[in-house]
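Structures are listed in the sections that come next.
Below, subunit A partners subunit B and then partners subunit C, in two separate complexes.
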Partner chain A sequence: MLTNGHDNSPSKYITLVSSDGFEFVVLREAAMISPTIKGMLRGQFAEAITGRCQFPEVSGVILEKVVEYFHFWYKNRDKEDVPDMDIPVELCLELLVAADYFGLDSKLLPTTFYKTTQESVVLTFSLAFFALQNKHEIPYSMG
Partner chain B sequence: MSGARQNRAARGIRGPQSALTDFLASHNISAFQIQQDAAARRRAAEEQNGVDPSNQQDDASSAAVPTAPITAATETTSPPTTRRGRRVAAESSSREEKPNKNQKVLDKIKASKKFQKRKKELDDSEDEYDLLQAIFKERAAPLPGQMENCAICGKRFTVTPYSRNAPDGGLVCSPCGKELAQEGPAPKKKPKRTGGAVGRRRQVQSNILDGTYQPGAKSLMTLCIETLAKNIDLAEDLGDLPPLVIDKIARKLSKHRLLDPRTLNLFLQPSTEEVYIYDGSKLSADDYIKIFQTVPTLKQLKIRNGIHFKDEVMDYLLSRDIELEGFYLHGANLVSEAHWKKFLQEKGKSLKSLRVYWTDKHFGDEVLAELEASCPSLDRLKASHNQKVTGEGIKSIAKLKSLRHLSLDLRNHVHSDVYVHLLSEIGSDLKTLSLARVPDVDNTVLDAIHTHCRSLTKLRITDSEFMTDEGFVRLFKGWENKPLEIVDLQKNRQLEAAKPRENPDGIGLCSNGFRALMAHSRKDIRQLNVHACRHISAAAFEDVFAPDKEYPELQKLEISFCEEVNDFIVGSIFRSCPNLRELNVFGCMKVKDVRVPRGKILVGVPNALGMIIEGNEDED
Partner chain C sequence: MASRNRIRPIRKPIINKELSDFEPCWELLRGALTDVHTKNAGHLSFEQLYRASYKIVVNRKGDLLYQRVKEFEETWFRDHVMPRIAELISVNLVTTALIQPPAASAHERREMGEKFLRGIRDVWAEHNTAMNMISDILMYLDRAHTSTTKNPPTWPVTIGLFREHILKTSLGKAATELNYSFVVFDILNAVTLDLINMERDGDIIDRNLVRNITAMLEALYETDDEIENQKLYLTVFEPHYIENSRDFYRRECEKLIRESDAGTWLRHTQRRLDEEQNRCETTISTWTSDKIAKVVQSELFMAKLDDFLSMEGSGLKTMIDNDRVEDLSILYQLICKVDKNKTPLMGPLQSRVLELGLEIEQNLKNTDFSTFSAVAGDADDAAEGGDKAKVLTLSAAAQQTAAAIKWVDDVLQLKDKFDNLWTTCFDQDIMIQSAMTKSFSDFINMFPRSSEFVSLFVDDNLKRGVRGKTEAEVDIVLDKAIVLLRYLTDRDMFERYYQKHLARRLLHGKSDTQTEKWMVLRMKSEMGNHFTSKFEGMFKDMELSRDLTGSYRDHIRNLGDADTAQIDLNINVLTTNNWPPEVMGRSISQEEGTRVDCAYPATIKRLQDSFFKYYLKDRSGRVLTWVTSAGTADIKCVFPKVLGKETGALSKERRYELNVSTYGMIVLMLFNDLAEGESLSFEDIQATTRIPAGDLTRTLASLSIAPKARVLLKNPLSKTIKSSDTFSFNAQFVSKAIKIKAPTITSISKVEGDEERRETEKRNDQTRAHTVDAAIVRIMKQRKQLTHTQLTTEVITQLASRFKPDISLIKKRIEDLLVREYLERVEGESAYRYLA
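Up next is the complex of A and B:
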């Protein structure tokens, strides 16, 4: 579905689907900080083939924040002294559960994958980072 | 008639002035006015006392006599009849006539920083005029220390620097001022101070020292926990979070000293098996009892700073059906020896881990003697800073065959033979051996470890002044123990103030011992601490971290106060330890200009710059 038009290499983007049907298009590299998503995309699972991950336990509001964090992390991945991302107090506990579910723990060492080109960074931020669409397919194709 | 002439006339009437009056006048204090005020007060007091009111003429004459000006601003105004009238006159004159001097004052105000600053907040010119008037009035107001009538209630009061302005001019007394403050809008919150560039850099350095530093954004979990800790008052219930997360929240709360009887409830869920309290200093005995009331399935209990964990709490625990497997108690001085014994006798069967820290009197040899009979499955024992534990207690520990992890940090001197006996009895199965602060212990203990220990993964011996390099070589050479994972041999060194660099007897962990250690544990060593082992030579470091040697698991290395460490050695360490996270080099004065590979942390470089990270984000 979201494969790169020219060859069979996987798309730079993946789609995350929340329990209430919201879809988020996320830069693959950014989403890979989550060991859970990384595991889903490894091997020959349906998710790995289609680039589409369903999260029936996570609501759209929470998934939106998680996706925001993915990009926040990606943007700041080797900056020093990063300002804290704003966490809405009312979502705090639910987000904590989600953070645990996605494995976004502090033990994580994000220094392990740095291979990124300047181009992909520009791409991410010139495009809207994530499309928030209810029960729609993504209107634009990547690649 | 100008005010100036009037003043001159007033002075003229009174004749020549004394030097003091002149001096006071130059400081805006009028002796005449003080006199007048005193007379007026006296009169007022007499009136209140029911004495016949003083004659009108006197009043009128005193009021008619113009007083010397209080402030520079009023100096040029037309003659006021009363003090109140004078201020009104000052206002009107400044608004309508604007004599030269007044204009000068106004110009001065316009140029002042205060005016400019406040002007920025306004935009139309009318407001500007009002502002000018307000500041003018402010300056015209009496100085601190003088008396004034309150603009609201009319009472007399002493003006202080804190006296507030009334909404329509004049000052108010402190009771009215308080009311005004309550009515008025809450003062704007100051924007959060970030501490500037220096403060932020300091924060980064502080995080490095805390070991919580990592480049890039904080993890989502950390962000959430921090938000939660800030708003813990709003939390009613933590819900169904996994124990690991709950533990992290508990740590964060304790760090901010937020754990109190209210927040404790968040951690007491009937179904949980673990309660970890990292700072119990705000909890009372009743709160501890509440833990046992609400968590009947409790298995692991950890309490730090548990000052109020007393006998009555212990009694309650004994009366319940709770069978603890892990018990960690820090700072509980009020539990008596008898209660410790009773606890072990009644609840010791299930106990697998017992850790007791910082007790003065009541956790001693007799309690340790109880362990053999009462705790058949004790696996982990830690006694730290317990003043009453001596060699006798260690002899009782030697009888605990089930023990796998033993940590001792005792206050009393214990002879090496006691440790040798301990190791010969239970050393073969020990996985952890930690003997912290053992200044008297010598090579015989090292030899005993060599002979008896076969399954150690963690070894700590610190502060020995008798162990020698030869002893360490004998320990590690040909030792049938598998490679160690965590080694802490800090401060095993010669203490000789007169000739600190000479070490003819090879006391402490020196070059050869270090080589032998690293050769033995190369494969698995994860953490190494050789803090202040001063006699490890540069050659030994270079041998150990030579290009052909790799320490694949080493993550944390502490080589502070090893004098010989230099830039080359630090560079070699980074080369030989691919997974190193943190390297401490406090007091290594030969470390000057090291490039730190990305993702690694170097702490304690002796210059103000801190660490310099090599490479940029495009490099791998």
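Up next is the complex of A and C:
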């Protein structure tokens, strides 16, 4: 994921680790879209000190998609009429839960971003719409 | 549906099974909360804690978690935070801060206050950091749980503990030992304000500390709902601060007015405003900037503004008189902030302009202008050349002329002064400019002779322009004169005087035509065409006359008449309407019947006839009248060698070219026919020449009294001309210059005597009467019927650019027009109807 790594200053990047051991190096600024990660990094907890965030309950497949979304958002944050991000149908339910976990809720997004991209890029919403439109049964049961 | 499109169900987490129940999760969190409070969170995984609270909420135990956290924090706060604050609050502190403030010295108070504030700040900083971290961990709880229930989020509840249990409570020993009820907030306010007052008095305080305290108050709200305008800073601290500052500045202002002057006060106010601005930025909060600026403005500046401005020796009067540019700039800047209309500045400024203007007039009356005779002489050829007797006879007039020029000079200086203040201090404020213009106009028009004086001033400068002064200098002065013109309301009077003075300048070639024309052009653009039409006519007459003279000379040359060719005739044909009656000869203003042509010598008579013939050849039906009083002649005179003188100038024959008035020429020609040693009496001369007695007296005076051109000897030798005097040729006349100009009294532009002035006013009033008549008829012709008031207003508006007509004059003219049946009264109303 180190696509635009022309600047190798370590503080600009953080590492996200999935339950199955995949590691994703993410632009710090991009990851900060998630209030959860933001809270993780601004306090004085272990993650803030090491710059390494482990997610024992998020699989690599899902985390990859979330990281892709971070960068998708970061790249398009100042643009208008941004197309939807490609979301594989089979992952949408798991992604919905992950989005909730990462706090990717439209209410928490910066208003400018929300305005320019409408519901298209807001992950939670698009997934929910997708699920409803395709009338899939949502096997949603927690615990 | 293809299998890869099937939505994958959520897999239950395999690991961390222990986190699916509430108690283990809470245990984990509780431990973490303690670690956070003891600054021991470095080993904790945020993810784990977040997930713990996430699980609890997802398992619908959020409510329980919320209660537990609240209980935990309250307990922690009571056991670990409040005691630290209570320790800070000693009896001494409370007594000093709240009960008897002046008991301790400033130094002690500062030490004690800063210690207290530092304590509060440290506790707050820890509490704040801990609460931030905890609310981050509990983020999911706030998002998913408290947003659906009515409970406020954890953050305001936990941070609010500080407000509820510290600021709004009384703590410490003092609470129990002193019979005085207080809350910690009171101490906080009192100590902070005391520190700020110390800084105002010049002490150095820990600004950062105060800023930390106000930042804390900005972060706390009255309630857990966190309503934006309910911040403790705004609801509690700021009102205290404003009230305290108001007291401070009220006292300071009273002290200043007792002990200081206006200049110091202005600088002090300016400094205080800057300080308060700076204080808001560095020590308290920028929210207060505008409010505190208003307090300083009203308490320190406006409260005693009038008292300071009227202060003897430093108030507005002194500032203006001594050009205290800096003081005035500050004053203007401050007033602009307070009052858009600038009334406190405008009034005194206007009255000062008026006062200074009237002072000029007063000075004029009190000044003895005999000391100005040098200046006057500079302005006047005659006074310079006259002998003592002349100076005495002329001095009254010359002094008055000097006075006129001094008046205008002074007015211009005053104008310069205020223009300068306007540019440097008043930011070229339009409102101030118009106010000053009005005041200038007021005092200039209060002075009855302003029109005449302004014209005289222009006259003087145009004449001077010919000698010495550079063109640029003259231009500047004339520009200023134009400015004065703008102020005059009686422009018709000015027009009259200017016409008179211009005529003299033109006829005697005293000024530069280019400059004259340029001046008239300027007036034209200022006042409009009708104002300068006569002046332009005068220029045109002069030009036509020059051509005429040229063509007449050609004509004579072609005739080959050797006899008349010896006299070089330079003629000015003047159109009666364009030129002032004074120049057109007294005869015009006198009765036609008493007008007598004087007797010209034969040679002159022939010349006149020759010109008449030439002129009327192409222009039949015109009447030419000789205006003897306005002409001059150059005479070549030969003074013979005086017998018995072997050396010196007298031993040789002397030739001079004498420039005299036409009358002077006629008189001198008489002596051509006289034998040596013979003389003529005043009466003889008058009888022969038929020159009016007054003119003759003046002419003889210029030829027999002024030493520069004393070509006649008078018997007896005295300094006045009497009708019994006799005159003879002065054969012993010597002059260093070849060309001599006999002083001509008529060419001096001087202030009119009282009688002359009455004459001018009378004539002006006549013209005004006609102008008003014309205006009334013009208006009525158009409107047919108008009430008296409407008509009066219309007339005043129409004539505003020329003069300000008296109401009584208008009334009189209406009466007159009624009699002459241009108008009739409308029955039963005070209205008039136009009769065609």
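We take it that the second predicted complex is superposed on the first by the 99 of 143 C-alpha atoms of A that agree within 3 Å, B and C clash if a C-alpha of one lies under 4 Å from a C-alpha of the other, contacts with A are read in each partner's own complex, and residues count from 1 in each chain.
Rule of thumb we're sticking to: contacts are C-beta pairs under 8 Å (C-beta built on N, C-alpha and C of every residue); 3 or more make two chains touch, one makes a residue touch a chain.
Just so you know, these numbers come straight off a predicted model, no measurement behind them.
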Look at A:R77 in the shared chain and tell me whether it touches subunit B only, subunit C only, both, or neither; answer first, second, both or neither. first
Examine A:F55 and indicate which partner it touches, taking first as subunit B and second as subunit C; both and neither are also allowed. second
After lining up the shared chain so the two structures overlap, which partner does A:M40 touch, if you call subunit B first and subunit C second: first, second, both or neither? second
So, does A:L93 touch the first partner subunit B, the second partner subunit C, both, or neither? both
Let me test your reading of the model: by the given contact rule, A:S19 touches which partner, first (subunit B), second (subunit C), both or neither? second
So the subunit A residues that subunit B and subunit C both touch are 89, 92-93, 97, 105, 108
Residue numbers of subunit A touching subunit B in their complex, please. 66, 69, 72-73, 76-82, 84-85, 87, 89, 92-93, 95-100, 102, 104-106, 108-111, 114-118
In the complex of these two chains, what residues of subunit C are touching subunit A? 4-13, 15-16, 20, 39, 41-47, 49-51, 54, 58-59, 129, 132-133, 136-137, 139-140, 143
List of subunit A residues in touch with subunit C within their complex: 19, 35-36, 39-40, 42-49, 53-57, 59, 89-94, 97, 101, 103, 105, 108, 131, 136, 138-143
Where on subunit B is subunit A touching in the complex? 200-201, 203-204, 212, 214-228, 231, 234-235, 238-242, 244-245, 598-599, 617-620
